[in-house]
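Next come two complexes, and both contain chain A; in the first it sits with chain B, in the second with chain C.
Entry: the complex of A and B
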């Protein structure tokens, strides 16, 4: 082995800050979360003796399973809807050149310079009873009284989630499309392929890793979402994140909240494991073949 | 607080939201909890003149999913500010708690009540027993009232008033724990 290839002590030290960062901000909170899930809560605070009480109460109530199932369903559908919205946007951006491309990329990013909560809140004056849509429909004479079912239901949750997470899907697809060799598309055109054939046989297969990567990001974020269903959802469209947050913030039952978080993590990890078996780990997490 | 109210019925339909419908969102964002400030804006998202028309003792009748959305307490404080009662077919979980905390006498689970009353009817509700009488139509209905412990908070005027009353009672009776 040459001197250049030999791993030196200095190389290890260079990695140390990243390792410390990971240990402090990723591993330690996870260990604490799992530990707390085996504690018990009372009106006097937490008791740090080992107990399976939280997991027992979780298993003994079917509502947790129902909400978990609903959460996974919402996450999958939101991911699919995001893909349907994002791919055409990414195609459009990739087709632009020069200043126009820069302008539209900035426009895409613009809403994401504000906070997640503000971007979710903004739907309320649009969808609400006295909101923009109702005002427009009434002024056009299409309806004579405001629609009261545009918000606070599952449909509004999908809309909110797709809106706030679209960028995480659009960006990797756009980058993959932008890096696509134009010669491949020209060659397909020269050989007489139609636009649809070029898309199906050249563009889509080459951007699939970016698609899976975007899907993974959106799915993960949706599984843990709680602000959007809280602000835009109705009583029956609450997600697992809402139950977890209510245990931590309202009920003061940290062990049950932690146990629910552990269950959610396990379900998400299992979903990603199954997806990586099907599509490959590199595709899901790195966005490449 | 008297748990029997008699007054005009103000009927609202299903899906009344907390933010926007019952109270402008800005008060939730400002964390405004002063009843005098919130009262003039009650239900203005649905009926802008509602605060001027309503009188103490009147009763709001809501449909399904009343006070839904992010459970901010401002709309319920607005109801309390006017001295109104509340009868609903169903109410969002967080708003159920907020109604108790704001000291609003209410019946939370009155299936089909929207079909039995109209705005302007003179109705009487005993929130302790769950009996609703529509004097205009000559009909009477029985619904499930709140638990006694919840009614106790409402009778005291909400969680804050109840807490203050308890602390005052402890001082009066000198029940404060003696220093070690």
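Entry: the complex of A and C
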């Protein structure tokens, strides 16, 4: 297509304001953070000379490594759980038509459009000592003392994370399923494929990029989790986000907090790199067209 | 999309959907029930029906100040983010140097974990000597967070937009601004309004990034967080219900505008093809 240059504002100028904003408030602060991670903190404030002290104390204290490992484990397991929970519901939504489909898509969306602080908090009066589950079990006479081990542990963190993040898995898979050509599935049926064969050989491979994009999104969100482990987790199920926030908001040790943030960023970037090798970086976020 | 020999699968899916939506809505139902429960303990068993907690929320000036701050920062940040995203989406339809970097840069705020985004801005404003607060740190954090989502909503709409209309107007001598005002904007206006509304809901619910840079001020999520952590407010469920209703109302408006807009665009583009 040989298109002559149209008179008008060049695309670069229109894109510039957004790029300048992000350079100023997303990229530059990141460079700052990396810089500060090489500073030192004392009771008199920050010392801006190069030092590896924060990274040394990070590597020297096994608790940071342990929590990082635990965070990655929780993120991976939550991602797997979300996939298991989401795929069938995406199939269900894609199988609906017309007004019913619209209704259920809206029903799926609505909770995710409301405060996730509230949606996390509400599990406390469900799982807690005087929570819904304990009250129900006691009134049925199954237990006579409330169970204390339903909340403030890792299991509750999984539940809370799946609850707040599962839409990020469901949505891309549903959109991919919805775009599938029904003729492909009819053809498979006509050729005598079983439901499982059709799924395994046609539906799953065609929705794999969407699955991958959902997994990436949920994994990223879990890596940065802070609210859920703080409210629903116990002392041993705190995640990396909680350690980072306590350095900034409680301990006031910016260099160590910055070093911890850099470590988390590196983990996230590495996983993104690995994830994008398969289908490309942009398709993780924008789908394939 | 399921074939005729897959009826049993359809039945299983329906059963599963029941469980799934139960899981999704049970906590919300619990919140609603507890907001009317006549007991100072947020929990069960139920002790009777009361409107007291709603009365307390409505008499809590801190709640309304937080709500007002959430609304104002939500409105301003969603307008700024939508304007920036709209310009970027319009610009990306043309070819220019460095074009391939625009989308990756746009995605940075989504890729950076929320907790790190908060920390990053805390350090940035701290070292730059800018005081933390609603109109400094929180506004910047919200625009930066919302911008990629506004862009991802608008960009597909504009990429699919038929440029022949614009080119025709240009050939007839219309200036770029007139083309935008008379042709492009009227066609994408509903999409833009929907983007503003969705951006608002994102900003309205934003918590982690805000917590780091808002200083002593409170948006509603930050205020609720403080109440939850301090465990001193039996009216929490009532406050939660009110916040949810506001978010749902704004999101529903967004849904409505965006579905009517996509129908309108389909109608217009099909009529322009004939």
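Brief remarks on what is shown
Quick note on the criterion: the second predicted complex is superposed on the first by the 266 of 289 C-alpha atoms of A that agree within 3 Å, B and C clash if a C-alpha of one lies under 4 Å from a C-alpha of the other, contacts with A are read in each partner's own complex, and residues count from 1 in each chain.
Keep this in mind: a residue touches a chain if its C-beta (ideal position, glycine included) is under 8 Å from a C-beta of that chain, and two chains touch if they have at least 3 such contacts.
Predicted, not measured: the structure shown is a model, and the values here were computed from it.
In the superposition on chain A, contact of A:55 is made with neither chain B nor chain C. By the touch criterion defined above, A:131 reaches both chain B and chain C.
In the superposition on chain A, A:121 makes contact with both chain B and chain C. By the touch criterion defined above, A:279 reaches neither chain B nor chain C. Shared-chain residue A:189: touches chain C; no touch with chain B. Touched residues of chain A were counted for both chain B and chain C, and C has more of them. Residues 121, 124-125, 128-131, 231 of chain A lie at the contact with chain B in one complex and at the contact with chain C in the other. Residues of chain A touching chain C in their complex: 6-19, 21-23, 25-30, 32-33, 36, 85, 88-89, 91-92, 94-95, 102, 104, 106-111, 113-119, 121-126, 128-132, 134-136, 139, 163, 177, 180, 182, 185-186, 188-189, 194-195, 198, 220-221, 223-227, 231, 240-241, 244-245, 248-249, 254, 257-258, 261, 264-265, 268-269, 272, 281-282, 285-286. Those residues of chain C lying in contact with chain A across their complex are 1-6, 8-10, 13-14, 16-17, 20-21, 23-28, 30-31, 34, 41-45, 84-85, 87-88, 90-99, 102-124, 126-127, 140, 143-144, 147, 151-152, 167, 170, 176, 179, 201, 205, 207-208, 211-212, 220-221, 224-225, 228, 236-237, 240, 243-244, 247-248, 251-252, 255, 259. Residues 121, 124-125, 128-131, 148-149, 151-152, 230-232, 234-235 of chain A touch chain B in their complex.
Against chain A, in their complex, chain B makes its touches with residues 13-17, 19-21, 25, 45-46, 65, 68-70, 90, 92-93.
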